[in-house]
Amino acid sequence: MNKVYHNAAAAIADISDNAIIMLGGFGLCGIPENCIAALVKKGVKHLTCISNNAGVDGFGIGLMLEQKQVKKMISSYVGENAEFERQLLSGELEVELIPQGTLATRCMAAGYGMPAIFTPAGIGTEVADGKEMRVFNGKEYLMELAFDADFAIVKAWKGDTDGNLVYKETARNFNPLMAMAGKITIAEVEELVPAGELDPDHIHTPGIYVHRIFKGEHYEKRIEQRTVRKKI
Amino acid sequence: MNKVYHNAAAAIADISDNAIIMLGGFGLCGIPENCIAALVKKGVKHLTCISNNAGVDGFGIGLMLEQKQVKKMISSYVGENAEFERQLLSGELEVELIPQGTLATRCMAAGYGMPAIFTPAGIGTEVADGKEMRVFNGKEYLMELAFDADFAIVKAWKGDTDGNLVYKETARNFNPLMAMAGKITIAEVEELVPAGELDPDHIHTPGIYVHRIFKGEHYEKRIEQRTVRKKI
Amino acid sequence: MALDKNQIAQRIAKELKDGYYVNLGIGIPTLVANYIPAGIDVVLQSENGLLGMGPFPFEGEEDADLINAGKQTITTVPGSSFFDSAMSFGMIRAGKVDLTVLGAMEVNENGDIANWKIPGKMVKGMGGAMDLVASAKNIIVAMMHTNPKGESKLLPACTLPLTGTRCVKKIVTELAVLDITDKGFKLLERAPGVSVEEIISKTAGKLIVEGDVPEMEF
Amino acid sequence: MALDKNQIAQRIAKELKDGYYVNLGIGIPTLVANYIPAGIDVVLQSENGLLGMGPFPFEGEEDADLINAGKQTITTVPGSSFFDSAMSFGMIRAGKVDLTVLGAMEVNENGDIANWKIPGKMVKGMGGAMDLVASAKNIIVAMMHTNPKGESKLLPACTLPLTGTRCVKKIVTELAVLDITDKGFKLLERAPGVSVEEIISKTAGKLIVEGDVPEMEF
């Protein structure tokens, strides 16, 4: 059993046109920078991307948008991206916006073998259009289906050769959920250690969910909103 | 905000007859020994207990069964307990047996605000009797409802004064799920530390789910099946 | 005189109770954190996966892996915890968050809220707003009483696509504090020096005014 | 000669493939871990919340917090991880476990299995068995060919309450290896020295025998 890949290009080599892929991260935090760069280099097209956000101009999924590799985005929030807006308004890009908790839970449902979940998010709004509604204990819920993605691409802080993953701070976000949800899950990590080095009580994503892992290079970790206070 | 209680008696003081309570643990592993002792001492009766197992004669929930405090057990496996068997056969005790994964997921559903989940466990068996069945992608699933418990009583390894919990090894089991699911959640811990001492990346149950916490005393941690090998 | 944004935040902060878990939206709601009353212990939830959000980091100490739901660099306080987005919205959906404060483009007299989309203009998406308004036990809206054109944002019926229905409990604007009741907006307090008449004139939805309406205290 | 329990386990171990995640039930299935072929890397899942189960601890090194689904004290191997029971059954339900080996009281020619209840006698409960059989991609049953009364456990229809339906893929008994096919039990291998006639006589359900049936190899 060898899950360790040499680099991003090798790990994503079989992602082809029209694939449905999940990409972890919230904003630019905890995104799989190396895999995104490799997908841009490979030039794979007509992708359906499930990711909470669509990056910014010149970074994250924004890089794939610039190369017109994305056919459809499934996200909860897509602000801060002029190229995205241009493609959306011109009809080049299809967008499905869904509530953030629904997005997260539809990933989890896939990883937990649950075909559908119920959430009140979107009741009474256009998000509910065409969806099954159901009342439990007097409250209305929408039935939302588990995602079905070909690949999940996630970024962790540390990982081991068995595919176990540990995330850092809020870079966790959607990563463990998507890691569970992909038919093939590819993880890039800042630090790759031999199996046995991570504390089994501290592992966020058990290796059973991870098919490929590699150590990423040169993480830029761009900050979207640098907010600070001054030392007094 | 003070979540810290002096001891088990104080933490369970308002659990009264007919309460629905969840008790963490798998077998005798990770069970809330101090709270069980306090419930026995308090003598509260007609309890509905949701717990994967029912303890053994003379330990765990078995102690509550001996005092005839339990009206109904909701469990997945109840072997290894002669007093349990006697009460069941005599009709003193009501028992609802449900698949272990269904039990776990119905706890999680409560903690995640999801009124129901779908699982294939029990399809084609008596577990499916009277339950709604539904087909997704050609596979049959049962709809199972989230639990609604008055109290969840869990045991963690370490906890802090804000109610954050960390479990050890397989003593985790149902504890984090039940911790999320109680209207009131009571946690007993082997070590209680000031808020800030636990690594925020390593917390299994965020404090928002925990209403009361105390340091337990004298953990016996009885082993149900002591299996060993000899050093050669 | 009408309140400024910081005063709106300060007034909302008076609604906090000891032990509350609170989710603060982007904009004015974020400012509420600056006015937490002394002796009140409140834990801030950030829906990207954090309980125990602290203030912005000191210059030079920003951590790209540590941001809030507004993508701003932040810090944590002792007792904080990180978790994934499913658990984060799980605790929101399960009603574990005691108070949610968010902004709005429109609120109607039933408590419906619109704050995510303006048809014909750019759609940025709802982010976590629909989850929050569908689940929160207690929602306070922080917003201006009127839009830039001077039109009331407190309406008989929202004109923009809804984010959620019958969910807002209280509104704090630069002019007034109002509850949403079965019978419409109920005026509770007015900003210092602001007349009841001005509030009436700027409220398009049904407004209940009973007896003397006190000025806000801070 | 009929196999003993260890030989049944040994034969099942030949079905393991490198990289498999495997859940082993209580009884004979547990013994499979002792016969994992050299060069084959297999990760054992214990449904109470562990991936990477190791052998029993050395005497004096038992840890009450570290048990398997049979409540036995165990150890872990490098690369192991702990998780809660919802995630554990989540990975089972999502088909991430490659192979499940469990015992049975009865199996029928459709692959239905009964292994949790004998009406009128004590009911211990299904534990995780119903979840496992409802979700596993590949289920091998390890059991005796007949019950203590000498009655076949491979039936046209189960008589005991079912654990799951149409789920068993393969059966290994002390006499034979059989696949479940659309047309019934298919005899693949016989234990060394055991005749096809004996297997036929002890199989109540429909049994397909085609050509020469080879002896098992270990």
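When the chains are written out, they are named A, B, C and D in that same order, and each has its own residue count from 1.
One rule holds in what follows: a residue touches a chain if its C-beta (ideal position, glycine included) is under 8 Å from a C-beta of that chain, and two chains touch if they have at least 3 such contacts.
In this text the structure is predicted, and so the values were computed from the model without any measurement.
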More contacts between chains, B-D or B-C
B-D
In whole angstrom, what separates the CA-based centres of chain B and chain C?
37
Averaging only over C-alpha atoms, locate the centres of chain A and chain C and give their separation in whole Å.
28
Could you put a whole-Å number on the gap between the CA centroids of chain C and chain D?
56
Spell out, as numbers or ranges, the residues of chain A touching 2 or more other chains.
105, 112-114, 119-120, 167-169, 172, 200-201
Two-or-more-chain contact residues of chain D, please, as numbers and ranges.
76, 82-83, 86, 89-90, 92-93, 135
Take each protein chain as a node, join two nodes whenever their chains touch, and name the resulting shape: line, ring, star, complete or other.
other
Judged by the touch rule stated earlier, which pairs of chains are there in contact?
A-B, A-C, A-D, B-C, B-D
Chain A residues touching chain D in their complex are 1, 110-114, 160-162, 164, 180, 194-196, 200-201, 203, 206-209
Looking at the complex, which residues from chain A come into contact with chain B?
105, 112-120, 136-137, 139, 141, 145, 166-169, 172, 200-202
Could you please specify the touching residues of chain D with respect to chain B in the complex?
46-50, 55-68, 70-74, 76, 82-86, 88-90, 92-93, 112, 122-131, 134-135, 161-166
Would you pull the chain B residues touching chain D in the complex into a rising list?
26-30, 52, 75-79, 85, 88, 95, 97, 99-105, 107-108, 119-127, 157, 167-177, 204, 221-231
Quick check: in the complex, which residue numbers of chain C touch chain B?
18-19, 21, 41, 43, 45, 51-52, 76-83, 86-87, 89-97, 135
